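Chain IDs A, B and C follow the sequence of writing; residue 1 opens each chain.
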Amino acid sequence: MNKVSLFIPCTVDILLPEIGVHTLRLLRSLGVTPVYHEAQTCCGQPSLNAGHLELARKTARHMIAIFENDEAIVSPSGSCVHMIKHHYVELFEGDRTWRARAEALSPRIFELSQYIVDVLGIRDVGASFNGKVTYHESCHVLRGLGVSDQPKALLAGVTGAEFVLLANADRCCGFGGEFAIQYPDISEDLVKDKVKHFLASGADVLILCEPGCLLNINGYLSRNHPGKRAMHLAGFLSENIKGHTR
Amino acid sequence: MPHDARDEILSRLKRTPRKDVPARRELPPLNELSLDREGMIKKFSDQLWLQTGVVHRVADAKAALEKLSEVAREEKLEKVMVATDSVIAPLDLPAWGAAEGITIFRVRDFMNRNAFKHAVFNEVQAGITGADFAVAETGTLGLIHDKDQARLISLAPILHIVIVPADRFVAVYEQAIEEVFADTDRLPSQFCFITGPSMTADIQATPFKGMHGPRRLIVIIIG
Amino acid sequence: MRVTTHRFKAVVKKEIADLSSRTFLSFLPPLFAALRQAAMASFPDPAGAHAYAADIRAEVVAHLPELLEEFERNATGHGAKVIWARDAQEANEFILNLAKEKNITLVTKGKSMVSEEIGINEVLLGNGIETYETDLGEFITQQLDRPPFHIVGPAVNISLQEICDLFMEKAGMTEPTMDPVKLGYAARLFLRDKFHRVEMGITGVNMAVAETGSLINVENEGNIRLSKSSPRIQVALMSIEKVVPTMKDALHLVRVLCRHCTGQAISAYVSIDTGPKRPGEIDGPEELYIVIVDNGRSTFYRDLRAREVLRCIRCGACMNNCPVYTTIGGYPYGWAYSGPMGQALNPLLLGLEQTQDLYRACTLCGSCKTVCPAGVDHPGLFLYYRTKDVEGDRAFGGMTRHWKETTAFRLFTYGTTHPWFWNLASKIIRPFYNNGARDGMVSELPGPFEAWFRSRNLPAMPKRTFHEEWKRIGKIPAEGPTHGSAPE
């Protein structure tokens, strides 16, 4: 049995806990029994993005101490994985001890779909879905981690699901954390554009691997196009596995 | 002022910590390098055609002059500025012009820059030059500018006619540049790669040829 | 050029509502992006060619002073005069004095970003010297007194009507027309007379080759070649980072630059100048002045991270792929350089204070960095600038942030490092946050998050956080009751 540890980002913890639950169920259904360190909080990305590096370092030390004894850490968020995998190392550029600890942690953290496909070698999780799906290539998942084939492989493995193309799938949805609040004019325009392409794709559901994008896109859909929705890959797969009930 | 500034800027740049850069990665050779002469001529012609360049191929110098006559008639050329570079000089274009009733201007016909500029900007309908190189890679002509290859002949008139012998073809830019820059004591004041006529798309992204330079480019390959 | 970087948000509002700007943004950058990909495919190894260009630029930045000295030595050796300018004022003064000394009354300019940075046009015009931008797009923006909308198409968004009116008024056009080609030819006719009479040409430099002392210009219109061929005097303006080691490197960069800029394999003209014209040549400059402009670069060069911005070759690929630029266009950036290129460069040239929005208005999506052939890590630089601003680093013009923001982040950090506080805070916030939630959605919230709710909802906070869910389902093995426990 793999010794896998769950990292549940703060947005998921507080606003979207069902994604965490689905992640847990999905992994369990694949024979993985993850542990969850209850002392975890947030990766500190908001501090880093705002330039508060000293604060981001504090958070990073807390998180490194929590996760550094795990063989593998899995998280349903590309940007939080990217933060720990890449930015933690940079944060401690001038600090040999912590840099070494960050570097040791870096290769052991995985985005969920990456872990399932690349580490477990599973492409068919046993889900089935009668309808059309499409996929939004979240920035940090695609360009940050280079993860794109893995979630699409998992979608291809869903019996009955028809994959349709999303135009400009790799263009940012306009979330960007604080950006969405500081520059609402630009952010709104970007999410509107993303939703426009989703509606035009004819897909029943838009799948993604990033809770931030999910908040943004679903936040816009629920206001302007109720009845349409985006789903986190974990939720989509877990909900559609035979025998799994909501 | 200049020297103070120079020393100040350079010393600031030098006062900084050094940073090693990793060795360059490998760059695989360009595909064009495997082309033989016919392959180069074909690639050149195809590429230049994409830029609306017109390419003719003739057997020898005599045929080149005949082709030139044909072009001159079609274009109703009356006055032409010609270079005296190593491709053009042997063709004796003044004699050709006399026979065709076309006035031929050469740089040596002008007292000074202003007189030359007046003619090349306002009087002639075409410029005829040789090319020192034809680069297969992108359908590009290479011109060494010197006293026999004035810059404005290939630039100011609305039509640029280029004559290039088949033995001037190279596969990639580097082969031309290596030759031009081989003797560092005799570098040309300007070397120019020309790929098609002058162009722009600056108004409403509408592309058209002939913005400031030639609107059309005709190439005659000899051999 | 006026600097209006501090008006970013206001100009964004205006531009987002501008139909003409939006029309061009909807097709031009994606078109350039597609053309770039197609053009790069002609390399046997496109990714390798991309990376090789970045390697060259990394070397340039690392060896900048030595390369500049080598370039100067060789350029001077071939008869060019090299002038160094610490800042915009020194560069402008030199050019103005030269023009006065030589009794110059007419100047034509090739497109040069650094000339816009130092604002030479205003200086020459202010001293009664007729000065014309001659790149068609630059000509239009100069006559309209606008900043460039796009580095490749500075006036591409300007309507035909506006160009027609402008050309009737200022470019000697006699018949109104709505035909872009006819408008272009009207500009050709007008500027042709200037090219004929020009006494001093001012051009930029795409690459300055250290090995030979040569200057390379990449262009399509022929206006740069004309500005280098017709007048007796040529001034070539270059910022210090334009230097490249060898001619071979330059050729590779030309290939990559053209493909990333316009999607062309090569531009119509690539001209390589080494020294002024030789005796016996009837055209070309008798005197060639190369003005090397520092303008603050050697100062931030000492910062090993900031200096990497000097890799930039001004191809514009970053803006064509930027979600922010392609939404707002070039005007909000408020200066010569727009898009991620400007967001990376302007804060260092102008200071962090008046460029706040440039390094903050970014979703950190990483498209610019991915596409950049010079290897600039734009988002990394933006994060770096934000840090310098937070720290109040005066060398960068950093300001420190408002105490409210700092306090909020301190509190947040306390939470992230004290799980009991984190979990307690979630509990305490819940009723306030959920107050007014309907059907599981919050649609308004006063305070700092207000802007979010203009067009978006957020989910209400569920009854239990994941931390709390875990206590219920975490200890139970895979099968059985797990599936029955539904998140609310």
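In this text, contacts are C-beta pairs under 8 Å (C-beta built on N, C-alpha and C of every residue); 3 or more make two chains touch, one makes a residue touch a chain.
Worth saying up front: this structure is predicted, and the values here are computed from it rather than measured.
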Inset, instruction - With chains as vertices and touches as edges, which is it: line, ring, star, complete or other? - result: line
Inset, instruction - Look at all chain centres (mean of CA atoms) and spot the one farthest from the centre of chain A. - result: B
Legend entry - Chain centre separation (chain B, chain C; CA means) in Å: 31
Legend entry - Euclidean distance of C-alpha centroids - chain A vs chain B, Å: 55
Inset, instruction - Enumerate the contact residues on chain A facing chain C in the complex. - result: 8, 10, 12-18, 20-21, 24-25, 28-29, 31, 33, 36, 38-42, 44, 46-53, 55-56, 58-59, 61-63, 139-140, 143-144, 170-172, 174-176, 179-193, 215-216, 218-220, 222-224, 243-246
Inset, instruction - Give every residue of chain B touching chain C within the complex, in rising order. - result: 1-2, 5-6, 8-10, 12-22, 24-31, 47, 51, 107, 110, 112-113, 116-118, 121-122, 137-138, 140, 145-147, 150-152, 155-156, 173-174, 177, 181, 184, 187-206, 208, 210-214
Legend entry - In the complex, chain C residues that touch chain B: 24, 27-28, 31, 42-45, 48-49, 51-52, 55-56, 58-59, 62, 64-65, 68-69, 78, 83-86, 90, 94, 134-137, 140, 153-156, 158, 160, 163, 180-181, 183-185, 188, 191-192, 195-196, 212, 214, 220-223, 225-226, 228-230, 232, 240, 247-248, 251-252, 254-255, 265-278, 280-284, 292, 294, 298-299, 301-302, 304, 307
Inset, instruction - Flag every residue of chain C that touches chain A in the complex, lowest number first. - result: 9, 12-13, 16, 323-324, 327-328, 360-367, 369-370, 383, 385-391, 401, 405-406, 409-410, 412-413, 415-417, 419, 422, 426, 441, 443, 448-449, 451-452, 454-459, 461-462, 464-470, 473-474, 477-478, 482-487
